[in-house]
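Structure in structure tokens, see below.
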């Protein structure tokens, strides 16, 4: 198990003051990503729903500390691809997965993979904010307890820290016992990000985290994602091309074949390359807004 | 998880409680089931028996004589209550008569008819006579109340009039005596037959019913006692094995002189063994 | 160093396994009860099924178990007459009640009426039977003796299933999306046009489910019918004729039945069960094929 | 302009709508009239006898005199046994069916189908089963225990289906995000799903209690007729609904106490409703805000 050898240090102070072991740059400095070290290696990944192919042989690497955006039209398998990375596909009974996904060298579809550990290492944020119908405090405390953090003082410290990280602390510090559902949509989404951060993951998967929010809340979340890059490896699905261009280091363009409805990866590369000098005409047409 | 704990604790406590209670209770309980004719008497007997033997509990359930036989055979009841002589198929049981009772025809108290001949009764129950006018009453349709199949009162009645149940054209079918009394008391044109004891007991308490004179013999306790009333039968307590212990004590008590007042209060005729 | 004092993930995975096993035992028990009941009904009625031809339950002259005559048919027809009569009365009244609460009444009256219906849904059937015995039967008796009759049992069953029908129809109609109704009104449909053309078809599945539920209850009801039906075994030739239902037959004779008589009562229980299972199958079929 | 659209059918449409409205209103008047009549009858017949003493006295003279304290005690004990036996099994089944195994698996399908059939078994058949199985085979006799267990069998399908519906109504996103946070299924269930599903479960519980308290046929042969104060769970005890049945069928002059008992039963059901609703509300609030 990589987890045991890979001792993660977590400080109770603000993240920016004392970066963790593999943080590559200060959070405020914006994206800093130049060491292409693959943390997730996807090889020939195919997804089938009830025998029908939904995503065809995808191979790509996700680099540590970088933001990778997945773009493409609806139904091209971006979200399926994302949920295969932390094996949420297990929840769909009819879903079958071919190929391998290595996280830090370990095949997550292998027989000995500890799912709960895996999902602790790979946090996920959904399209619609999904806080539990509990208090704000308890939303963060619950998964922590589940992963063995039981001291009240520790929980409080971590809660405060992650809420500060997502910029929510000042807004809610006086009403931590209020129901999480009483927050606004943007606040709820940031709470969900904080909840994922509380487990100190290496990787964050985000499935259109801004699309259910109004433009202002969306902007706040986007800025937050920007700040988190470097410290975390982020994979994000978005339909907002402008946003993708603003935040991404790497971009993967998915497309769906008209007739068979099978999604596949068209092009993967540095953000600039995909958006400015795409090598595939499909990509060029999509990012210029001509199709999709 | 606190609520789970409390539910768990409650379950355990309840199980323990029931265990202790049941071991405490089981040896001192007598269960009597059967004839609805005997049940009111058995309840009174049980009450007095309990007062004489502290710590003993006597539970009485009705349901008909056949139930008494059934339950006794299966061991669900300690003692069965059976009205009427045991049939040949029931000779495996031990019967102990505790009283005599008659089966009487009852009508509503406001019904002008006071006596019926055997022919008239057969006519009414087989559906040949359908209006009270034909037997000297008001102009009204007769509502016939019959007992359900398997009731011993029904069997005594059928045997005496030599009828088959399939010949009876009833309008209402009832189970217990009290149900018959209740229906007749609520319907001025109804006719039925029940235990004389039950009918006399309720009539005396103001329930609007009356017992008809049958073929010239009034349905009274006195006539049952002196044997002139033709339709009478013994009331029995039955057991599967020869009685011992508490069961024997209860049966002996029920047949002793000290309970005659109870038997007579129910308008039955006591039978004595000692 | 708060994070991994100990890993409880392994522990919680095994908790899941134990928990699931415990749940399986519970579910097994629940499912076994049905088998138990069926098995035991068969076991108890076996002696009589072995030496009495099945047809005799329908071709014997009458029901006189002590004279070896076992015709169950009058009780089957009694059950069917009483429950179908009750349904015939209760369905229009129930649907009318639901329509009234949604489309006709002012909000205040609707709430008041619903409270009344809910109160009545909570009244035990034995109380309805008791009321029928003390009020309804004497009334019918004055009109046409003996009073205890098919009519009385139909009326009592109607009262009993009416609240169920009204409440299920209400729930089904409330669930019809408001958009449909608004669209109908916008098209200039009259109130009844909207109800008949849009609301009722959209709610049909729920209403039919409610009707089948009510039918099951009407067929299975014992005590209320026992109290007012007169319990004479015969084919009813008029509404004023007393009848006996299958359930009443069991309740009336079970306590003291012996030998073949007892076994035949179990056969009638079996028959009742089959009748009701047939109804469920119809319901399932209806649910599958006739949805809107 | 509008004249274009006034055709001669307009009048007949109006007439039709009016007729139907009249029909519906008369149905409502009919229904509420009859029901108010019943309620009025019950209240008039029962209120005279209803008093504190009626609730605390034991029945005397076959129920004509005295009160119903022992009947109430038996009723509550039977209910308690039934719920204690039925709740763990049915809730376990519901959780298994929704959270742990797929609805399409053979086991799940089998359990579900059995419960569907069980749900439509008439109560008298439960009575037969309980009498032969609990009273005779298991040797519990006519007792509160065998009555309660029989009722438990009867309650299973109601409790399972309501609990299942409650769990299914919980948004899938809660499960997804809980899984994404690496939480175990058991923890997800207890901390996230159950608080959300609690009102539905409570509603099912209420429905079950209502059905159980009103049940007569299933208890006739199992918990029996004895109207005395039960001393142990192996004693026979007459429940309230059976008491009403017995008073009205078998006891001449028993109408007045039957009315009063019916009134008590209805009030009891109302109170159970209100208390349980309040309880759920509080529990849910506590769960939402605690720690």
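For reference, chains read A, B, C and D in written order, and residue numbers begin at 1 within each chain.
We take it that a contact is a pair of C-beta atoms (placed from the backbone, for glycine too) under 8 Å apart; a residue touches a chain by one contact, two chains touch by 3 or more.
A quick note: this is a predicted structure, and the numbers were derived from the prediction, not measured.
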The chain pair with the larger count of contacting C-beta pairs, comparing A-D against C-D, is C-D
Which chain is in the middle, if each chain's centre is the mean of its C-alpha atoms?
-> D
Label of the chain whose CA centroid is most distant from the centroid of chain D = A
Express in whole angstrom the distance between the two chain centres, defined as the mean CA positions of chain A and chain D.
-> 47
Whole-Å separation of chain centres (CA-atom averages), chain C against chain D = 14
Between chain A and chain B, the Cα-mean centres are separated in Å by 80
Would you kindly tell me how far, in whole Å, the mean C-alpha position of chain D lies from that of chain B?
-> 35
Residue list for chain C, restricted to those that touch at least two other chains | 9, 12-13, 255
Using the touch rule from the top of the page, what residues of chain A touch 2 or more other chains?
-> 115-117, 120, 146-147
Which positions in chain D touch two or more other chains at once?
-> 182-184, 187, 249
Seen from chain B, its contact residues with chain D in the complex are 1, 3, 7, 10-11, 14, 17-18, 21-22, 24-26, 29, 31, 33, 36, 40, 57, 59-62, 74, 76, 175-176, 178-179, 181-182, 185, 202, 205-207, 209
Of all residues in chain C, which touch chain D in the complex?
-> 9, 12-13, 15-16, 19-20, 22-37, 40-41, 44, 92-93, 96-97, 99-100, 104, 113, 116-117, 119-120, 122-131, 133-135, 159, 162, 190-193, 216, 219-223, 227, 247, 250-251, 254-255, 265-266, 269, 272-273, 276-277, 279-280, 284
Along chain B, where are the residues that touch chain C in the complex?
-> 63-70, 140-141, 143, 146, 148-151, 164-166, 170-175, 186-187, 189-190
Within their complex, state which residues of chain D touch chain A.
-> 102, 104, 171, 173-184, 187, 191-192, 195-196, 287-291
Chain D contacts chain C in the complex at 13-14, 16-17, 20-21, 23-25, 27-28, 30-32, 34-36, 38-39, 41-42, 45, 88-93, 95-97, 100, 107, 110-111, 114-118, 120-129, 131-133, 153, 156, 160, 182-187, 210, 213-217, 220-221, 241-242, 244-245, 248-249, 255, 258, 262, 265-266, 269-270, 273
